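The structures come next, written out as structure tokens.
Consider the two complexes below, in which subunit A is the common component and subunit B and subunit C are the respective partners.
== the complex of A and B ==
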């Protein structure tokens, strides 16, 4: 890390610390009633209590499960469907119009449909989360496949590579930067929809626990849950960055 | 020493010995004839250079030889068989090496792509890759990605991948056009020695007339709109060729003059 990068890192920590300090100050001065706004000290205490004596760990696990399963399902389906659409003109002309109809559909409009079909179940959550999270990956994969350097397809032709080999050795790796960017976007969508589904369907998870805390005016627990959700979003995004830099390491030399 | 010049080549019957044979090949793209009634025979082991003003269809002719294009009429044959699809024993070296290499694979991985396609068992690949990279002068760069290599190195790498196909014929499309003069001369000599060692047939497209004479057993010049053969020069310069003595040979200078005059006339 260069010297200026270290300074930027320090500065960003100072800003974050400043926000927490401001929050504490507002809470201490009781500008907002403590019933609604706990200070960071109380939120932190609730967080620790939740993990040591409460059921915060199992709630966290519940949300992570919803998010990861839904995201994984969306990834597999999105990349596979995107590969089919992206590599075949026929598939594109058959499937694309239907997708153009489904894509702008707000996921919130799908939730009642999913509830009617699956009930207030895990299957409903899985369906809604994957439905919402599939789009960034699907579109990124289609785009990535369409943007493969045509010269590489000629190389593949002159090597008489099979269709499967072309997809796995040329098209997929070539589309990988797009696909990974789509997966990162989808991860956020999956987290949002996990929380929404938990709130609406009462499924075990942070979303549900946050809702219950709010209804019981346990503001410290509410904030503990919200902080934890923020931490999930931050850490999963960090993991995606790490995966990207590992998988796309070959691009370091490209300037 | 009476070399017949400008007379356009007749659509001669293909000699039986030809490895690559064009018989009255016409290609029409978008309603426009790109090459017209092209007949051409390349003997096994021959080094044929194709020159011509830009837009004369020399790259198109090469792509026809590779079956990346199918002729509108006429026939392209390889070893007596009609070319209906690209074949692995015909390798193409593209001019834009940066686009023809897989950026996510190392040098070794790029060579491996051809070996994988050929069905070489994984256990044998490493040895073959080492040998091929050594052959093109990249023995210490196996782990580098194309983005970490110079243009000359990337083109060497593409040549190594083409050699991995174990080709009977090598089609080269202005392979050194984007390289600086020193690198280009070095690569010219390397290609000559690689080809001499393996008796591979070569069609080499270039816009550099001296390069064509220096490398070729025969040079054909194409006329534009539509592309057709305008001149054909056998090159009887002694081999092995040498960057200094060959280029100073009076016969080299005479051929150079003839070819320059032809190109000038074709552009007029």
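== the complex of A and C ==
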């Protein structure tokens, strides 16, 4: 970072701090009722209180667990299925149109069906989250496999590589940017669906706890929970960016 | 191309047939599954008594009102930040701090502030729609041909005229792409809010069907919601191709 970029970043933080100050001012002057809008001081106090009592930490862990399990399951299944469909031209022409039809479906509409099948359980949440999170990765993998440079397949044939070797040595690396972009999108989907499932099924997690706070009009706890959810969203997307730059760094030299 | 059509339909049609035969042969009684023929009958009767149409109207109304609200805010901010680099750099931390909040996390706040109903749903959809429109509009405005901007300086256009006559027309194809993506998000968020808590629209209707253990009606709603999503997506894609043709062929990453 150059010197001026650092100054800009500092100024940008100051602007953000200014907005927090404005929020505090609005809360202090009671322009909006305290019931709806606690000041940042009270939200912060609720955050600290929640973490020292261990209450918020266990809720945070609950949400992270739902999100990561569902996302991980979806990643494995999505990439494997995508590889199977994507590596065969026949499978692509039969299955891909159905996938394209399903893609714009609002995935949360599957929740009632999952509730009918599994009841209000952890299994339901896992099914919903992984079903919702699988699409971006599945479609990205199919697309990535279809877009592999044809000459690479010719090379593989002349080297008499096995089908598995072709998938792992040629198709997957070449589809990696698409797949990673899909994984990033899926993380957001997984977080949203985790919150919805917790709200509906009363599973232990931030989604359920913010709803309870809202019902009891404990707005400080509510804002603390929402801030934490924002932090999860921010940190997970940061981690994906880091993973992308590490895993795909070698490509920068090629393209 | 006929062969492609046949191949595309082969999988869903054969799956439905197999399922129908299986469901009939075991005399399926289930809270979660129903034979396709029963789903069609349920869909038809829900269409005939107008229940599904009322629910569709409620959902689409909230989704489009939210899209309009959030899209306008995103558009205005996107143009502002795209034109004025210093403002953009100053706002960076603030925007990056608010953007990752999952829209559905705002549900409890909207619930206590606005209560059940359209307003709360529109507010959440609006929040979700601000970001894709803002990010893509900002990028589109930044990449407006610099010579066009020079022309606007030479003509001494006022800032308002510059935006109206130069920037928006030049960035319009990509702004449309932003709104197309946001429309998809709006529908998803609206249905999700209804399923989670709000007692109106398609989401509430499908939850009611599940709680009434009417598997055929529930699956009929699921199919209908899928059809709406597909129709919206296909319609907007067609509009984009008609209105802008190749001009809108940009990467869709938000």
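Heads up, the rule we're going with is that the second predicted complex is superposed on the first by the 241 of 255 C-alpha atoms of A that agree within 3 Å, B and C clash if a C-alpha of one lies under 4 Å from a C-alpha of the other, contacts with A are read in each partner's own complex, and residues count from 1 in each chain.
The rule is short, and it goes like this: a residue touches a chain if its C-beta (ideal position, glycine included) is under 8 Å from a C-beta of that chain, and two chains touch if they have at least 3 such contacts.
Values in this document were obtained by computation on a predicted structure and should not be read as measured data.
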First, second, both or neither for A:98, with subunit B first and subunit C second: second
First (subunit B), second (subunit C), both or neither touched by A:8: second
Touched partner set for A:21, first subunit B, second subunit C, both or neither: neither
First (subunit B), second (subunit C), both or neither touched by A:154: first
Which of subunit B and subunit C A:173 touches, first, second, both or neither: first
Touched partner set for A:202, first subunit B, second subunit C, both or neither: neither
Which partner reaches more residues of subunit A (counting touched residues only), subunit B or subunit C: C
List of subunit A residues in touch with subunit C within their complex: 8-9, 11-13, 15-16, 19, 35-36, 93-95, 97-98, 101-113, 115-117, 181, 188, 191-192, 195-196, 199-200, 206-207, 210-211, 213-214, 217, 219, 222-223, 225-226, 229-230, 233-234, 237
Touching residues on subunit C, where the partner in the complex is subunit A: 4, 7-12, 31-32, 89-94, 96-98, 100-109, 111-113, 184, 187-188, 191-192, 195-197, 202-203, 206-207, 209-210, 213, 215, 218-219, 221-222, 225-226, 229-230, 232-233, 253
Residue numbers on subunit B that touch subunit A, as the complex places them: 66, 68, 85-88, 90-92, 94, 96, 99-100, 102-106, 113-114, 116-118, 145, 147-148, 165
In the complex, subunit A residues that touch subunit B: 149, 151-152, 154-155, 157-161, 165, 169-170, 173-174, 176, 248, 250-254
